[in-house]
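Structure first, commentary second.
Labels A, B, C and D are assigned to the chains in the order they are written; within every chain, residues are numbered from 1.
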Amino acid sequence: MNALGVIGGVLQFVLVVAGSPFLVGVMRQVRARLEGRAGAGIGQPWRDLRKLLRKESITPRGTSEVFRIAPLVLVATTVVVAIVAPFVTTASAVDSVADLFAVVALLALGTVALALAGLDTGTAFGGMGASREMTIIALVEPTLLVSIFALSVRVGSTNLGAIVTSTLQDPARVISPVSLLAAVALVVVIIAETGRLPVDNPSTHLELTMVHEAMILEYAGRDLGLVEWASAMRLTAFLGLLANLFVPWGIATAATPVALLAGVAAFVIKVVLLGVLLSAGEVFLAKLRLFRVPELLAGSFLLSLLAVTASFFLAQPH
Amino acid sequence: MTHLLLLAPVVVPALGAVIYALAGWRRATAWVSAASAALVLATAIATSAAVVNDDPHTVLAGLLRVDALSAFMLVVIGAIAFLATAATPDHLRTEIIAGRASSRTAARHCLLVQLFLAAMALAVLAANLGMLWVAVEATTIVTAFLVGQRRTRPAVEAAWKYVVICSAGIALALLGTFLLNYASQHTAPGAGLNWAELAASAHTLDPGVTRIAVVLLIVGFGTKAGLAPLHAWLPDAHSQAPAPVSALMSGVLLSVAFYAILRVKVIADAALGTGFARTLLVVIALASLALSASLLLAQRDYKRMLAYSSIEHMGLLALGAAVGGRLAIAAVLLHILGHGLAKSVLFLGSGHILQITGTSRIDQVRGLAARQPVLAGCFGLGVLALIGLPPFSLFASELGIARAGFTAGLGWAMAAALVLVLVIAAALVTHTSRMVLGAAPDGPGAATASPRMNVIAGAALVVGLLACAAIGVTTGPLHPLLSLAADLLAGTP
Amino acid sequence: MNLVHAGLGAAVAVGVLSALLALITPRRLRLVPVGVGTVLVGAFGVLAGAVAVAGQAYSVEIPALLPLFGVSFAVDALSGLFLVVTGGVAIAVAVYGIGYARHGLDGRGVQAVLPLFVLAMLLVPAAASVGTFLVCWELMALTSLVLVLAEHQQRDTVAVAGRWYAVMTHLGMVAILIGLLVLVAHSADDSFPALRAAATNLSPVVANVVFVLTLVGFTSKAGILPLHAWLPRAHPEAPSHVSALMSAAMVNLGIYGIARVGFDLLGGGPRWWWLLVLVLGALSAVYGILQAAMSSDLKRLLGNSTTENMGLVLVGVGAAGLFASAGDDVLAGVALSAALLHVINHAAFKTLLFLSAGSVLHATGSRDLDALGGLRAGMPVTTWGFGLGALAASALPPGTAFVSEWLLLQALIHGLPASGAATAIVMPVAVAAVALTAGLAVATFVKAFGVGFLARPRSSAAANATESPVSMLAGMGLAAVACVTLALVPSVVLPAVGSASTMTLGTAQPAVSGQVTLQLNGVAGALSPLLLTVALLVVSVVLVGAVRLIAARRARRTARLWDCGAGPLSPRMEYTATSFAEPLQRVFDDVVQPEQDIDVTHHQESSYLVQAVEYRQRVPDRLERRLYEPVLRLITAWGSVARRLATGSVHRYLGYGFYTVCGLLILLVVIR
Amino acid sequence: MSHDLYVQLLDLACGVLLLTAVLVLWRRELAVIIRVFALQGLALAALVAVLAAHEGSIELGAVAVGILVLRAGVLPALLRRALAAAGEERRETRPLVNVASSLLAAAVLTLLGYAVSQPLVALAPSPATQAVAVGMTVVLIGFFVLVTRRRALSQLVGFLLMDNGITAVGFLTTSGVGLVVELGVSLDVLLAVLVLQILTTRMRATFGDTDLDELRELHD
């Protein structure tokens, strides 16, 4: 735990917590513009959150603590990831947690909490959402693990900071087949994990197709606000990870103000850019049938597996 | 003293037979057979002690002789006979009540069993091969009527097959005996068929004649021991004989015949080298195991199941004998005792099951544990003992045979045998579990509450299993006897 | 005084005494003494193991026991580790058993055998000769078989499970027996030191035979593919505390056997041995968790998960062997430590899970997830227990399995230096298998916990369930404490794992060290489960505070569930375990090949009007179809054909002898 | 007795022994078979008597008398009694191997008996040992009868043929195995036949027939 890490942790916390609603706002705005609408402005998600957080929470009859705690767990896991992952600085606030496996598992833990909450309601929708979400995560989690793993094999460490640092030192790696395969796989699973098109449509509540929304159907007020906020933060975190794993330049390696400022700027630019790309892409995509989703995920799992294989084969010292 | 000790195992049962012949079956005589068996056991133990501390003894002008091996076999006979005869009164009483026997049959049963014991004791005490043959054939004659005791069609059929096949087989052994005698007369005149002298002069025997003799002797006594190819009488006879007799036949008679093979093998090894008898025995053993495995798979009768399991165990003994050497022989002897105890418990148990359910078909016995926990427990544990689970002694002895086999370079045969044993174990477990486990069946048969088992009959089962487990934990006082007998057969001092 | 000796001796004495006590005490007074006795057996086992792990060497020979062989015991660090695990599981199980056995399991036999089973499991790793090992191994099989059959009068399936178990365990035993005896045949005697000495100049062929055969036997005990079929049958059918003992302690001994024979006795071996182990492990992990994911029987699910976890352990063991054969001691140490740590972790959480499942079974009489649900209301403690176990089993932080799987992946990731063509192919696949297993485990345990304990009760039994008696809760509590401790501060067992793995591999220093943070020695890698948890907690507390601060301070309100305006929701509308697993099952359709059965009943008036539709679905074990059924068919055919050997014709019988004698005589004439 | 006469008598006795064995195979009438068997007993006794005369052993002479009584007198009488009780079944109607094939088999068995006896002859060549082949053949033929004949009585005869053969081998190779043993053997054989005879009676009582191949209640 060094100074750089602590500063980075605080900066990342602030950036992700405060900035993630804006990222969602930007993405919605881009999409609205591309669809020819005026859009609500990038501040709208913040306004929504403020409104929701002021409202009372509702506990549906027959639900237990699991239902009440789940939003908290979801937010907490995401925040921990936001603090420890190398977004702004290569050093981590809690280095021994900034591990690939730990970060992926933490994010999965949040999803699990939500799925349990969905099951806890005992409604058909809750169960349906949980079932679908768990099917997706059962395929997403291995893909995430394996694709980042592909990157870490050559580094010899699963520490995210170490992977990022190593890529900084050896830029040629970015265009290696390993990186490309892993990048594609990661993009697919991030889309699935954050519930974007074509896997899930975050803006509809169509009973037959919804996944994420089905689980949180019973949430209202403050709880719903937390869940929405956490979703935004997760999106930010995933995009940040994607950005820094493949294009780490700009990230702060020293605790100087200039470097930190550059790190913040680079992170914001990269994430916003990715967000814009993502939402622009969504305009052209229709939602996939639910049972076609596993094919997509299986494909990405295969890509990540190929990436690992490639890393083993290609990383022989020349 | 020694005279008395040596004659007692033959004379005491003979006297018992006289008592039954004169007094018949009544309250006072019911326990005579058990008492005589107990006496046999006691003298066997005394003889063992004497043999361990002293040299082999010979009495009756060299007709009877006791060494460590005979003493051990006497212990086996005594122990199992005691178990079987202790369970006999209850068995006969139930049969009489059920109208399947009369007091005359009961008296004859006891008489013949006593003669049977005397013949077996004579067989192991015989100082020469000829006497041994006479005694073994005598057991066939005596038990023929015990097998056919019930006079039902299957019983008579079984008795016929038993006598014909065994007599034919044992006749081969007689031919072998004559040939061996011929060979010994020409190389070591005066040795005759005497064990000790034959063994001492065996290396001088003419190999050409001895080979034929050994083949005939092993196949011949193998018949009586239930080994392939003349094994077929065994399942029939054992399934039809009354339970205590089945127990005696399976538990001791087979082993007594096998004892002859052990003796012959010593001579064969000295005269022909270890390879000859070993090859023959390995082939016979594997054939017996394969046969037992094949016929156990689709077995439908639990008494036949036990009988085929006896063939299996005789096959294992033959394998152990084929291996030879101290460890294998000690294991074989321990196996004889362990198998005898377990198998007699099982046959006695099967007798009770037959009396309770009235059928010997596996698929008609259900939920035994729910109805008769002690009986079912003993039966189940007995089967587990048979498939060689510790703490029962069959585990140690099978392991000993297997280890000796692998060390002696018979790895492939041993591995094949173990695979067959696995198949047999699977079959036994499957059949037994169908009988023992499950809820008590509803139906006409179940409504009449089964009578509680007789205490002494139950005790015989429990004691048998406990004894089998005890010698599996430690052989204790039997140890010197076992090692002495093993030395005797393995040819090392 | 040697504490290992004292511990083992006391365990034997107390175990035998408890068994005798169970036989003579009346039914009402039986449970507590037996429970206490079993606890003591376990405690003494833990003591002996702990002392051995700490470095006290111990060996003893008792030639008087076990005829022809004699008995000899020796406890080293590897044995000690397994002694501790077994003893620990036994303590929790025994406490639990006092309450659990009150209903129908207080029979003389079952109660007498329970301490003996624990004892046998303690003696297996302590055995120091082939004879001793096999006798303990078989005693373990026998006692566990008796316990599996405990409830045979209640359910027909118990006898079936017992048969499978008995036969397959015997199969494994025969394989081990042959393997070890082949080794013994090449050594001076059957003691382990002699075998070790003999292994140094063993021909490769013999070593291969020994390893493969023992591997077959040990993997069958550990529930590894393809000899796993008994496990998902026997573990669910056994009484739950026995299931816990079997699943958490007994299966480990299969791993112990592989480590003991492969590393210690044979001194490592060629690379392909360990590739085989690794591949078997990876396949089992994926297959096991897939079966678990499809299962709606709570205990069967847990049994399948045991196959999965043992698979993961074997991946570690295989990787360790692979690295060791390539001369990379550091990585071998990491991999073996991961495997051993996972053994400990799995023991902890599987005990907790099975005990909780038993508690559910005890309260509702059902282990069918489709009939459970809503138990959190009536059985809060059990629900918490199962939740904790499920968290641990799904390899999510802050659970126990997370730490060991992390360690396992660390070993695999650094496998590059040891790379060869085979490794380069196998390692990625292994990584993928571990990752896929982790993902599926999450789904599986969310299903088990969410469907079984949350939501609304799906049957009246589940609705009326009440919490189990205190002794059962205490047993679960012990297991839960172990789970939490292992999850937060795995460093408490690190020294044990370290000394066991260094001893087994013959390496210089332990591969993993650290107090708060697990630090790999020699390669990069660090993780702190404690800091992770603390971070989560701190963030949560801050968050609660922040929400309080910025959000509205209005109280929560209870409201009706949204029912689409169609009236109250009934349990029939809920998602069941089967429906929960349905999407996953579709994904793996080609692998699991479910069988579906649809019966449509039409109205009598018209065949166009459907009166009822009955839909049944079963997910059979495909491997059984392909592998076991042909063998069983073959054996059945063999049995029915062979019956022609005994037709009853006396002529035929005599003919056997006649032709044999003639044949033998001709043979004698020909080969003189 | 001169050596030539001894050899001729010996060969004659052996020839009768073999001939009677073949005749048992040939004939189907049970009554004839029993008569042939009695003749064989006579030949056996003669054989032992010749040996006794040759060796001048009184003990052996006594044994010959014993054999005559047992095998030409008592055993055939027992068989005849059994036959009388048998009623209708006086013929071996359908042997499992027909007569022609049986005779062919007997020829093969003779060759086998001869071949097997070679090591015995080689050990101590003498007229007596050279005749061992006959004894061996009789044993094998007896076994063959046992395997192929359906009637209980035929099987009994088969068993006794074996026994005759064995006794012949015994006396031709050595002058016996000791009195006690021989007595025991004879007693056993007698008792075995008695037992079988009683069983035959019981079988007839329970089955009403003595076709042994029909005896198949006990099977798997």
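Observations on the structure shown:
Keep in mind that, in the parts below, a residue touches a chain if its C-beta (ideal position, glycine included) is under 8 Å from a C-beta of that chain, and two chains touch if they have at least 3 such contacts.
All of these numbers come straight from a predicted model, not from anything done at the bench.
Overall, the chain located most centrally, as judged by its C-alpha mean against the mean of all protein C-alpha atoms, is C.
As a whole-number value, the distance joining the C-alpha centres of chain B and chain C reads 42 Å. Rounded to a whole number, the gap between the C-alpha centres of chain C and chain D is 68 angstrom. Taking each chain's centre as the average of its CA atoms, chain B and chain D sit 31 Å apart. If each chain is reduced to the centroid of its CA atoms, chain A and chain B end up 77 Å from each other.
Contacts with at least two other chains are made by residues 116, 118-119, 143, 146, 155, 212, 215, 217-218, 220 of chain D. Multi-chain contact residues of chain A (touching two or more other chains): none found.
Within chain C, contacts with two or more other chains are made by residues 643, 645-646, 650, 654, 657, 661, 665, 668, 672. All chain pairs in contact, by the document's touch criterion: A-C, B-C, B-D, C-D.
Taken together, the chain A residues at the contact with chain C in this complex read 53-64, 66, 68, 72-73, 75-77, 79-80, 83-84, 94-97, 99, 101-102, 105-106, 108-109, 112, 115-116, 118-128, 130-132, 134-135, 137-143, 145-146, 149, 152-154, 156-159, 162, 217-218, 221-222, 225-226, 290-291, 294, 298, 301, 304-305, 308-309, 311-313, 315-316. On the side of chain B, the complex with chain D involves touching residues 63, 128, 130-131, 133-134, 137-138, 140-141, 144-145, 148, 151-154, 156-161, 163-164, 167-168, 171, 174-175, 177-179, 181-183, 185-186, 192-193, 206, 208-209, 211-212, 235-236, 239-240, 295, 298-300, 304. The part of chain D that touches chain C in the complex is made up of residues 96, 109, 112, 115-116, 118-119, 140, 143-144, 146-148, 150, 155, 212-213, 215-220. The part of chain C that touches chain A in the complex is made up of residues 293, 373-374, 376-377, 394-397, 402, 405-406, 409-410, 413-414, 416, 419, 423-425, 427-429, 431-432, 435-436, 438-440, 442-443, 446-447, 449-451, 454-456, 517-518, 523-528, 531-532, 535-536, 539-540, 543-544, 547, 550-552, 554-563, 569, 571, 573-575, 579-584, 586-587. Residues 116, 118-120, 122-124, 139, 143, 146, 152, 155, 159, 162-163, 165-166, 169-170, 173-174, 177-178, 180-181, 184-185, 187-188, 191-192, 195-196, 199, 202-203, 206-207, 212, 215, 217-218, 220 of chain D are the ones that touch chain B when the two sit in their complex.
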